[in-house]
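Below you'll find the structures, each written out as structure tokens.
There are two complexes below, and they share chain A, which is joined by chain B in the first and by chain C in the second.
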Partner chain A sequence: MINLIIDGIKTSVPDGSTILQAAQKVGIHIPTLCAHPDRNVKSNCRICVCEVEGSKLLQTACSQPVFEGMVVKTRSPKVIEARRIILELILSNHPQDCLNCIRNVNCELQHLAKEYCIRENPFKLKTKGLPKDYSTPAIFRDPNKCVLCRRCVETCTIIQGVGALGLENRGYHTMIVPSMGKNLGDSPCVMCGQCIHACPVGAIGEVEYIDELMEAIADPDTIVVTQIAPAVRVAIGEEVGMKTGEMPMNKLVAALRQIGFDYVLHTNFTADLTIMEEGHELLQRLTTGGILPMFTSCSPGWINFCETYYPDLLDNLSTCKSPQQMFGALLKTYWADKMNIDAKKIFSVSIMPCTAKKYEAFRPEMNASGYQDVDIVLTTRELGRLLRLCEIDFDKVEPSEFDPWMGDYTGAAVIFGASGGVMEAALRTVYEVVTQEELKDVNFTETRGFQGIKEAEVDLNGTVVKVAIANGLSNARKLMDQVRAGESPYHFIEIMACPGGCIGGGGQPITRSNIKREERIANIYIEDEQCAIRKSHENPEIKMIYEEFLHEPLGHKSHELLHTHYHAKNKRLI
Partner chain B sequence: MGYKQILDAYKNIPGGMIEAFNAIQDIYSYLPEEAIIEAAKVFNVPVSKVYDVTTFYSMFSIKPRGKNVIRICQSAPCHVAGAAEVVAALERELGIRIGESTSDGKFALETTECVGQCQDTPVITINGKPYMGVTPATVVDILAEYK
Partner chain C sequence: MAEEMRVVLRNYGKINPLKITDYLSVGGYEALKKARTMTRKAVIEEIIQSKLRGRGGAGFNTGQKWAFAHKTQDDQKYVICNADEGEPGTYKDRMLMENDPHAIFEGMAICGYAIGANKGYVYCRGEYPHLITILKTAIYQAKQHGILGDFDIEVRTGAGAFVCGEETALLESIEGHRGEPRIRPPFPTQKGLWQKPTVVNNVETLANIPVIIDKGAAHFAAIGAPTYPGTKILTLTGDVNNRTFFEIPTNTTIREVIFEFGGGIPGDKKFKAVQIGGASGAFIAANSLDTQISFDAMSAINSTLGSGAVYVLDETRDIIDVTTRIARFFEHESCGKCAPCREGTARLHELMWKLNSGRGSAKDITLLKKLGRVMSITCLCGLGQAAPTAILTTIERFSDDYEAKLM
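Entry: the complex of A and B
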């Protein structure tokens, strides 16, 4: 242990700790912009500078290791003055349009400007004057706002293994740019949106569709129907001043009605349906010598990734559409018939923890209903904005239930929101279908948790099925490279593009650490425990849709509406 | 030689990407986009990372440029010794400005930081070869070597 004194407080920390870590231990807050609790040290922004006795220059707390007898001052007038100048310099080329910014009041730079009482900036404002990049339907970039912290580059390259973002030039001319300095749409970006969580400012954000929604709500002839994904509920409270997981589902349903949605349904219904289709697809592949391992296909960021980097493995992907797209296809066919509503009048809105879902909804093949199956996709953050825009007071909201035919769900659907959930839900159903016996314990705990790669085995009437789960695309790469090399021992692989699964999706409330992701995961399993039914095949509305409409998993209707095919992306700049 | 062959030759050398790019520039005078994409495959890094390297170092150009790259030192000793007049003479002789290439593809005119030949300023380099004590009058003769 190393002994040191920070702001007069004696402490000891393990050898190799930084000043920042030592300060955190004794409850001293040091501001950071480029440092991130789950990322490497970069010491780019300089805002964490501190005085170290015996050192002429100020040292960056994020990178400076402690030494025996070190005396650090983190809040001396000299330090505060230096931090203010650093902030003024950053602000001197940062557009000052905070009021119009997607990150207004949720911006780390704005927060620091407030904390450090920046009033008049002696440095003349000089912004880059570059155009914003709206080349994808999911994610935009505003290079003018970039503070060059490089957190997005690190996330894209190391955590996600995508490498769509990188640096250009050096020194004063340095910029963060997509591959070859082109638009994001030309880069191999998979639209997972993890860079949005990494960005301390408003340089990257989701493309918003709130205006389109409001237009649809305003039109009396349009019937606005929404589906809401399982990972949204556990996180949406964070947007409206509640704790993670605290938002009751029935209050959220009521709030959506107050916003103006004509019908409120649940993506969980088609999550259960996905299990029916995907579970049977797995069994079919296992029994008929089909291509294995089979990969899950719920995560559109993962699909983009596979189409970009592993086009040779597209046949391993389950042909099942994601729950969002299954829902979209059924809404304008099955549900419209049930409700006696003209499908043409339906405006299908999905609320998702995901940015890649925005892209997925616009895929040209996603029109099995004869219309665009999902018209717009809103992120959890956009839902937060809507709730605030409509001044929803959750203390006063009277609870409400989901509308019929596509609103029932089981605990198996809920856990789709966490990494390993699709696998666990599938195993719950596949086990009972194969063995014709009741599963005594529905909890497959090996599949749970934040760990990047998990594996499990399940005995199905003497056949041992080996499964693996990866979250975060750099982890997916490890499993994919194994498959490509012909060395994969698995039968079934679940991949979620985002760390922690959908609860950590690119559309979730800005998530500054993995601790928050773990909290959301815990809440997903609490909700599962509270569900009366926890196996997809026991969902009464699922039984009904097979009786009345689909007839059987993998049947003709299913193939028409619920299954899809994939295309190699042929991206040049990978 | 194609990009791939050049890149492959440096594949297993530490820092080989930079060496390979120098070799490609010796032939093509710049780094075409296809060479950058190929380098990403050969060195197994994302295109974005290769692009970072190519734009970080001022000796690399990702835009087509003249075959003979003339670089004039813009550091203080050369400046004091009259680099501005040398620049003017070069621009006049070649009919281009700093940052441009001649239409016949023979010359590119760029600036550089100090090349370490301050004993005899101003200094220019052509394809890496330094010329010391350059004056507007000697510019014509130096250029003649490359015409």
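Entry: the complex of A and C
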């Protein structure tokens, strides 16, 4: 242990700790901007500078290791002066556009400006005047607002292994730019949106579709139907002042009705359906010598990644559409018929924890219903904005249930939201289909948790099926490289583009730390436990759709509506 | 009358740099042979005893640096010769590489032996393309003669970024990344090139090594100023009669440099200021001319010795204009990694430009002082920390010139 004094407080911390860690221990807050709890120390912004006795230079608390007898001052006039000047410098190169900004009141720079009483900036405001990049339907960039903390670059390169963002130019002209192209659309960006979580300001955000929604709601001839993904519920509370997982589903359904949705359905229904189709596809591949390992296909960021970086492995991908797109295709066919509604009048809205889903909905092949299957996709954050916009008071909301035919779901669908969930749900069904025996314990705990790569084995009537699960695309790379080299021991691989799975999706409430992701995961499994039915094939509405409409998994109708094919992206890569 | 003393430039003009036999004929590589008969610790101890300090500008004790790298256990270590000579007005390293490349390699090989490194790099500035041929030829000859033994030397070139002279940015550049400084600690002697213990020494520093091994630490320590012994190559530019280079003992005063070696100011004009150490250096007024050209003496007058560039201004020069150009230089050369340097150098230039064009106010000077003060203690590397030096020292020492330009 190392003994030191911070602002007069004696403390001791383990060797190798930084000043920032030591200060946290004694409850002293040191402001930061480029620091991120789950990322490397960059020490770029210099906001966290402190005085260390014996040093002429100020030292950054994020990077400076403590030493025996160290005396630190974190709030001396010299330190405050330095921090204010640095903040004024950063602010002088940042559009004073807070009122219109997607991160208004949720911006680390704005917060610092408030903390440090920045009033009249002595430096003349000079911004870059560059156009915003709206080249993708999912994510926009505003290079003018970038404060060059580089958290996005690090996330994209190290956590996601995508490398869509890089640095260009030098000094005052330094910019973060999409690599190998002028805009994000040309870059290898997979639209996972993890950079949005990394960004401390409003330089990257989701493309919003709130106006389109409001227009549809306002039109009396349009029937607005929504599907809501399982990972949304556990996180949406964070947007409206509740704890993670605290939002009751039935209150959320009621709130959606108050906002003006005509029908509220659940993506969980097609999550269960995905298990039916994907589970049978796996069995087919296992029994007929098909291409293995099979990869899950419900994470559109992962699909983009595979199409970009592993086009040679596209045949390993399950042909199942994601639950969102299965839902979209069925909504304007099966459901419209059941409800006796003209499919033309349906405006299909999907509420997702995901930014890549926005892109997925716009894929040209996603029109199996004869219309665009999903018209717009809103993120959890946009839902939060809608709830605030409509001033929903959850204390007074009367609970409400999902509308019929595509609103019923099982615990197996709920866990789709967490990394390993699709695998577990599939195993619950596949086990019973193959063995024709009841699965005594539905909990496959090896598939759960936040670690990047997990693996498990299941004995199906004497056949040992090896499975692996990766979350975060740099982890996916490890498994993919193994497959490419012909060395993969697995039969089935689940991949989720985002760390932790959909609960950590690019459209979720801004999370600075993985602890939040773990809380959300815990809540997903609580919800699963509370479900009366926890196996997809036991969902009564699923049974019904096969009886009435689809007839059998992987059947003719399924192929028409629920399965798809993939295309190599042929992008320039670094 | 002070006299030149050629220690580092001992072979200047006497040998053909492209002929290793010339270097060998004047006793070249004898020090390396001698060092290899000594223990590693003894070699390091000899360098420590000589009190040799880095000639690149930071003035760190060379032997200590070696000792740190020696102490760090690793299967691979590196020696790097920092030849990214970028300070405007400095060309001492170029002189050495052009005229006596083997003296540098000998220094590197001795260092390699002392710390246990078998690989060395010469990181040469990209603007010296003609030197690459000389260096490569010399390395080839040394290898042909088997003189370096298992110590390998490779030449790497920069791409024109001033910041790559900063040792950690230099490491990044060799590794193929953007030339940007790293956070310290860890120091290069702990985790340097490819995370391996690395000694980065300046060209002039390394050229001193064979002399110390050959003649002994005591001999070297007796030359010049006691805390910064040896000689220093100075390159004179600006308003002096002898715009050339000199190697002088470090107890020589600035006055002697300008008025004896430099032959005074042309046209019988009066001295106004001298900037020592390149663009990063302080401007020194007439009242400090009796300061010795040694690291500590210069520090004592809030100035630096830096790379040893001596830039003299006569009474007719517009010091605000000169300082504005220096500010522009730093704006151009900032790497953009840390906020105070990236934004600060641009603002320093903006404010200086305003003052220089007669549109500035006293408020701007106050702001410059505050910004400069903050930058000098918060920037990530020496570039940003030194960027405001010229501005801060001219505001302090030539305030009348600023007053005269106010709106």
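The rule we apply is simple: the second predicted complex is superposed on the first by the 570 of 574 C-alpha atoms of A that agree within 3 Å, B and C clash if a C-alpha of one lies under 4 Å from a C-alpha of the other, contacts with A are read in each partner's own complex, and residues count from 1 in each chain.
To be clear about the criterion, a contact is a pair of C-beta atoms (placed from the backbone, for glycine too) under 8 Å apart; a residue touches a chain by one contact, two chains touch by 3 or more.
Remember, it's a predicted structure, so these values are computed and weren't measured experimentally.
Shared-chain residue A:144: touches no atom of chain B or chain C. By the touch criterion defined above, A:183 lies against neither chain B nor chain C after alignment on the C-alpha atoms of chain A. Applying the stated contact rule after C-alpha superposition, one finds that A:169 touches each of chain B and chain C.
Contacts of A:93 after superposition: chain C is touched, whereas chain B is not reached. In the superposition on chain A, A:21 contacts neither chain B nor chain C. In the superposed model, A:157 makes contact with chain B only, not with chain C. Residues common to the contacts of chain A with chain B and with chain C across the two structures: 167, 169-170.
If you check the complex, the residues on chain A that touch chain B are 153, 157, 162-170, 177-181, 187-188, 572-574. By the touch criterion given at the top, residues 161, 178, 183, 185, 331-340, 342-347, 350, 367, 370-371, 374, 377-380, 385 of chain C touch chain A in their complex. By the touch criterion given at the top, residues 41-47, 49, 56-58, 60, 63, 65, 78, 81-82, 85-86, 89-90, 92-93, 122-124, 147-148, 167, 169-174 of chain A touch chain C in their complex.
Those residues of chain B that touch chain A in the shared complex are 33, 36-37, 40, 45-49, 51-52, 55-56.
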